[in-house]
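Next, two complexes with subunit A in common: one pairs it with subunit B, the other with subunit C.
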Partner chain A sequence: MNGRRAFARWRATAAPWALLRAFVIFVYVFSLGPILITAAVSFNASNRSFFPPRGFSLRWWERAVAPEWMDSLLFSLKLGSLTALLGTLLALPLAFALYRYRFRGRQALLALTLGPLMMPTLVTGVGLLQLLQSLGWREYLGFTGLLIGHVVICMPFAVRTVSVSLQTLPPNLELAAASLGANRLATMRHVVFPLIKTGLMAGAVFAFIHSFTDVNLSIFLARPGETPITVKILGFLEFGFAPTLAAVSVITLLLPLVLVAIVQRVSGLGDFLYGERNRA
Partner chain B sequence: MPEPALRLVGIEKHYGSTPAVAGIDLAVSEGEFVTLLGPSGCGKTTTLALVAGFFPATAGEIYLKGKPVADLPSFRRDIGVVFQDYALFPHMTAAQNVAFGLKMRKVPAPEMAKRVADALDLVQLNGLGERRPLQMSGGQRQRVALARALVINPTVLLLDEPLSNLDLKLREEMRVEIVGIQRRLGITTVFVTHDQSEALVMSDRIAVMNAGRIEQIGDPADIYERPATRFVAEFIGRMNLIAGVVTADRRVRTSGGVELPADVPQDLPAGAAVHIAVRPERARLVRERPAQALALQATVRQVFYLGATREVRLDLAGGERGVVETPNDGTAPNYAAGDVVWLTASIGDCRILAAR
Partner chain C sequence: MSYAAWQNRIPAHWLLVFVPATVLLVFFVLPNALLLSASFQKSQAQQLTAEITLDNYRFLFTRSLYLEVFARTFIVGFSVGVLDVLLGYPLAYFLVRTQSRWKGLLIALSLAPLLASVVVRTYGWYIILNRFGFANDVLLGLGIIEDRVPFMPSTGAIIVGLAHALLPYTVLTIMGSLNGINPHFESAAMSLGANRVRTFLHVVLPLSLPGIVGGFLLVFSIAISAYATPAILGGPATQVAATAIYNFIIQLLDWSLGAALAVVLIVSSLLLLYAAGRAGARRATV
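Then we have the complex of A and B:
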């Protein structure tokens, strides 16, 4: 009798916490674990990827920061930044058109814009490669081709975040601005833009990360000397998982994290990235 | 006659084939407070938005101080608008909100600072200029919105149900305050509401709207005491409506056979179906058949005690329902459910309205 009551009390009070704790541990082990292992492996003194590492050495890190890798890393950074910029610039008018107005062909435009989000990027990559070839634009493979492809697959993120912030705008603000004498441009500059700024920033960050981490599409459009870091890593993997790769992976992993942290610090993006609502 | 501050001529707005506003003519004189009153969907807010220039009218012309503005965009019309949800800019302080219109007009900074301070003073928000809208109460936001619309000295002030989001007590305070400010500044004002008591208290004139048209326009007493249509009679206050027919000798005969030598409007021909309309506070109850012309036998159905008055609900002999408000002044007799009484009113208190 007593035991059953104690069990009931445990189930009511302690059990949910125990479950939550187990879940959190699970998340940590499987999301942080691989990263920590990779980081540890990069310090191996051995030239095989032992875990736990055998000995301690920085020689893999020396190789990782050699131009061979750094060029690709810079290439990825450049590609990601430009993708984020172009994607967001295109997303702004698109989000306005799609979520503010009702017009013929809206559904089609919506499907075209958000479609790449649901399509395997691998397919988009193959398709784009064939398109460029059939148009005889082989010389655009590499940076230009990658940029086109990345904008296509990254823009939907920006369209989503921008339209979310457009939809949370109180409805009469633009009319109020107009009644006070602001033309469309002034309304945009003084009222709309300041209020959707975080949406634009979030869109740019998402676009950048998606571009920076993409390998499925990039693998078809890269060419020697114009290779994103992800494709480079994949290529190197054919020779096995050397500790160099572990070091490169850690750099590749930390870079966008640092970037996001900086952007978040200066713009208060937390609500957008983590779905919190600490705005009004 | 001086040019009215605002004049609407044949204004229409159609959405597809359905007219939201079906032909409005209205002139508002300088300094006048005119209310557009009507149920939701009657076109009052659409009419206001057309004056503000938020979307183009399908037909008609709008004149501000004699100048046609129907083709001008909102930002060139020189109007002040207070929205139902206030529409304050959340990323600006109260003072920045108020300054917005002046900034758009490129008013020099020292003058701008002074006018913003004066406007905040006017709405009794001095000292709160640095607050953001989210840190303010509903009533304070309302005041910021009012100051923002007034500071630009607009030709016309447009108020779109500005009180409907406030609680009852605050709403009644703001009524008085808005009218006070309006009178002091002498600013031409168009006010939209569905609240009849707001309209009666605040307006110089009321335009009662229904289905995209103005049913009647007049001062509050006109509208209440001399409603022109059944819709107006029923929308504002309560009304006893007793069905009848116009006879050949311009009297009204009720279904119960009572003949009333009433003041039948010229446009109602003999045989027209009409209603005899009597306000509950103008009708009286007596126990004996009265000598007066309007005398309808009735049975008391229910009596509600309201403090200052009693509300007596009646079943009329003709099968209709009636209501009479009797003053609780110590002289009027008390009635109880089941009493047989006579409802009576003087001819002057009876309006004859087309039944439609």
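Then we have the complex of A and C:
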């Protein structure tokens, strides 16, 4: 084969691809670098957040697992789990009504359901704070207020994943079950539920992560002693950047990662990201 | 009327949605309505009064301090959108077209940052950008700068931090529209003599334009209401809309101005998302 032609071909096809790969590596460094740097900094022996770390020590990790931080972490875990549970429980009937029935007001209901996704969460937080204050319910700030807010902003995620499952499920299946003598409840329990379980699971995971990583809503509804971990880290960042915060940050990063890895193993989440994409 | 007859009168779908719809009406619609009304009310001695006024908006749109906040917010949103499209497009294209057997892992890695809270992701940028940070060390070491430069607090730092935090959104949106392009179009163009670059510019890029526009607008709308990153990398001297709202409401207890600013934010955000939806809708008809 003619060498010059081969080179021209290579230049026309391989070179742009090689260039693209180089750029992609740069993007990965940009995207993962700061997170890895944070992880590295937590092992500093010095008491400032130096990178590269000066010396090696685990003392910041010791401080990170002290009750001061672990209490907030447990608070966030509790909040996230309850949000995921309530969010999916409320989302299930909504998704059912929206994707199994045709009725007047369906568009309005759809807008209402997806509304919290469109509205900046910060604004929802301010609004809820104002509602609680104007009703004289200041004592519900903290856990209860946060739970309400998180359920509201996380519900749309669960509605989406459940509806993706529902749409892949032929409606005839329910009719078939009914014609074989199953009542509504039995159809639901033995036919529909097993088939939409993955959607429910994915919804719960997305809701949990959204709640666990939220800042914009929580800054308005938290109160001292009842603060999610993200808000607590943020509060400390304003005063200083001790490597403890880096260690705490790494812990809060690892938890959702482990959760997703487990769920991915058990039931798979990938399809739902694509489901999200189709609706975005 | 018997119970059974009564039960039959209410359609099943309304029974299904009663509880969740009530939750949303009380805890989502009502708060937003309150906020909207507060933005037209006069505040006195940190209390809302019954007096209806447009003064809150007039105040925000005439003080140079707040005009600056609006301008900074939109400059940040726009720049973050542009940066994320520029960084995200090549990555999305690579992820969609690569034949690597690590494809799944690579996709997961590109989306993994979404699992970390913005606070965590911004912390890394603090370590890099502060006066005694990594960037300064490197630039000093290379002799590019002679004295330590405070890269933060600054608008630039906010832009970089947010572009980092929101990158997965553009990657996801653009991957979505690239996945919808038939790969045979590319082979067809190349078999007709176009090289890779020309094929890309004349076939792939135009077809993925809706994904670019959608991703840009989505990131723009999230960036203008972001709180944590501007609070950490910007500080009091470089306020954006979100940090200003927090100041009004938590520090100054001025609900009227906070609410008015929030309403401005809602309107801008909804307009951007509406435009993003239109871009997506066009995609569906291609």
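Here is the rule we go by: the second predicted complex is superposed on the first by the 249 of 280 C-alpha atoms of A that agree within 3 Å, B and C clash if a C-alpha of one lies under 4 Å from a C-alpha of the other, contacts with A are read in each partner's own complex, and residues count from 1 in each chain.
By our rule, a residue touches a chain if its C-beta (ideal position, glycine included) is under 8 Å from a C-beta of that chain, and two chains touch if they have at least 3 such contacts.
Owing to the predicted nature of the structure, the values given are computational and were not obtained by experimental measurement.
**Student:** Using the overlay on subunit A, decide if subunit B and subunit C clash or can fit next to each other.
**Tutor:** On the superposed model, which is not a single observed complex, subunit B and subunit C fit side by side.
**Student:** Classify the contacts of A:A176 with the two partner chains as first (subunit B alone), second (subunit C alone), both, or neither.
**Tutor:** In the superposed model, A:A176 contacts subunit B only, not subunit C.
**Student:** Using the touch definition from the top, say if A:G55 reaches subunit B (first), subunit C (second), both or neither.
**Tutor:** In the superposed model, A:G55 contacts neither subunit B nor subunit C.
**Student:** Give one of first, second, both or neither to describe whether A:P224 is in contact with subunit B, with subunit C, with both, or with none.
**Tutor:** A:P224 sits against neither subunit B nor subunit C.
**Student:** With both structures superposed, pick whichever of subunit B and subunit C touches the larger number of subunit A residues.
**Tutor:** The partner with more contacted residues on subunit A is C.
**Student:** State whether A:P67 touches subunit B only (first), subunit C only (second), both chains, or neither.
**Tutor:** A:P67 sits against neither subunit B nor subunit C.
**Student:** Looking at A:I148 after the superposition, I want to know if it touches subunit B, subunit C, both of them or none. Which is it: first, second, both, neither?
**Tutor:** After superposing on A, A:I148 lies in contact with subunit C but is clear of subunit B.
**Student:** For A:G127, decide between first (touching subunit B), second (touching subunit C), both and neither.
**Tutor:** In the superposed model, A:G127 contacts subunit C only, not subunit B.
**Student:** After the superposition on chain A, what angle is formed at the C-alpha centre of subunit A by the C-alpha centres of subunit B and subunit C, rounded to the nearest 10 degrees?
**Tutor:** 100
**Student:** Taking the superposed arrangement, what is the smallest distance in Å from a C-alpha atom of subunit B to one of subunit C?
**Tutor:** 13
**Student:** Across the two complexes, what residues of subunit A are contacted by subunit B and by subunit C?
**Tutor:** 280
**Student:** State the interface residues of subunit A toward subunit C in the complex, per the touch definition above.
**Tutor:** Touching subunit C: residues 12-13, 16-17, 20-21, 23-24, 27-28, 30-35, 37-38, 41, 48-52, 90-91, 93-94, 96-97, 100-101, 103, 109, 112-113, 115-116, 118-124, 126-131, 134, 148-149, 151-152, 155, 209, 212-216, 219-220, 230, 233-234, 237-238, 241, 245-246, 249-250, 252-253, 256-257, 260, 270, 273-274, 276-278, 280 of subunit A.
**Student:** Which residues, counting only subunit C, touch subunit A once they are in their complex?
**Tutor:** By the definition above, subunit C touches subunit A via 11-14, 16-17, 19-21, 23-25, 27-32, 34-35, 38, 87-88, 90-91, 93-94, 104, 109-121, 123-128, 130, 132-134, 164, 167-168, 172-173, 175-176, 179, 195-197, 200, 214, 218, 221, 224-228, 231-232, 242, 245-246, 249-250, 255, 258-259, 262, 265-266, 269-270, 273, 280.
**Student:** Please give the residue numbers of subunit A that touch subunit B in the complex, ascending.
**Tutor:** It is residues 170-173, 175-183, 186, 190-191, 194-195, 280 of subunit A that touch subunit B.
**Student:** With touch defined as at the start, can you tell me which subunit B residues reach subunit A in the complex?
**Tutor:** It comes out as residues 52-54, 73-81, 83, 85, 87-91, 100-101, 103-105, 134, 148-149, 152, 158.
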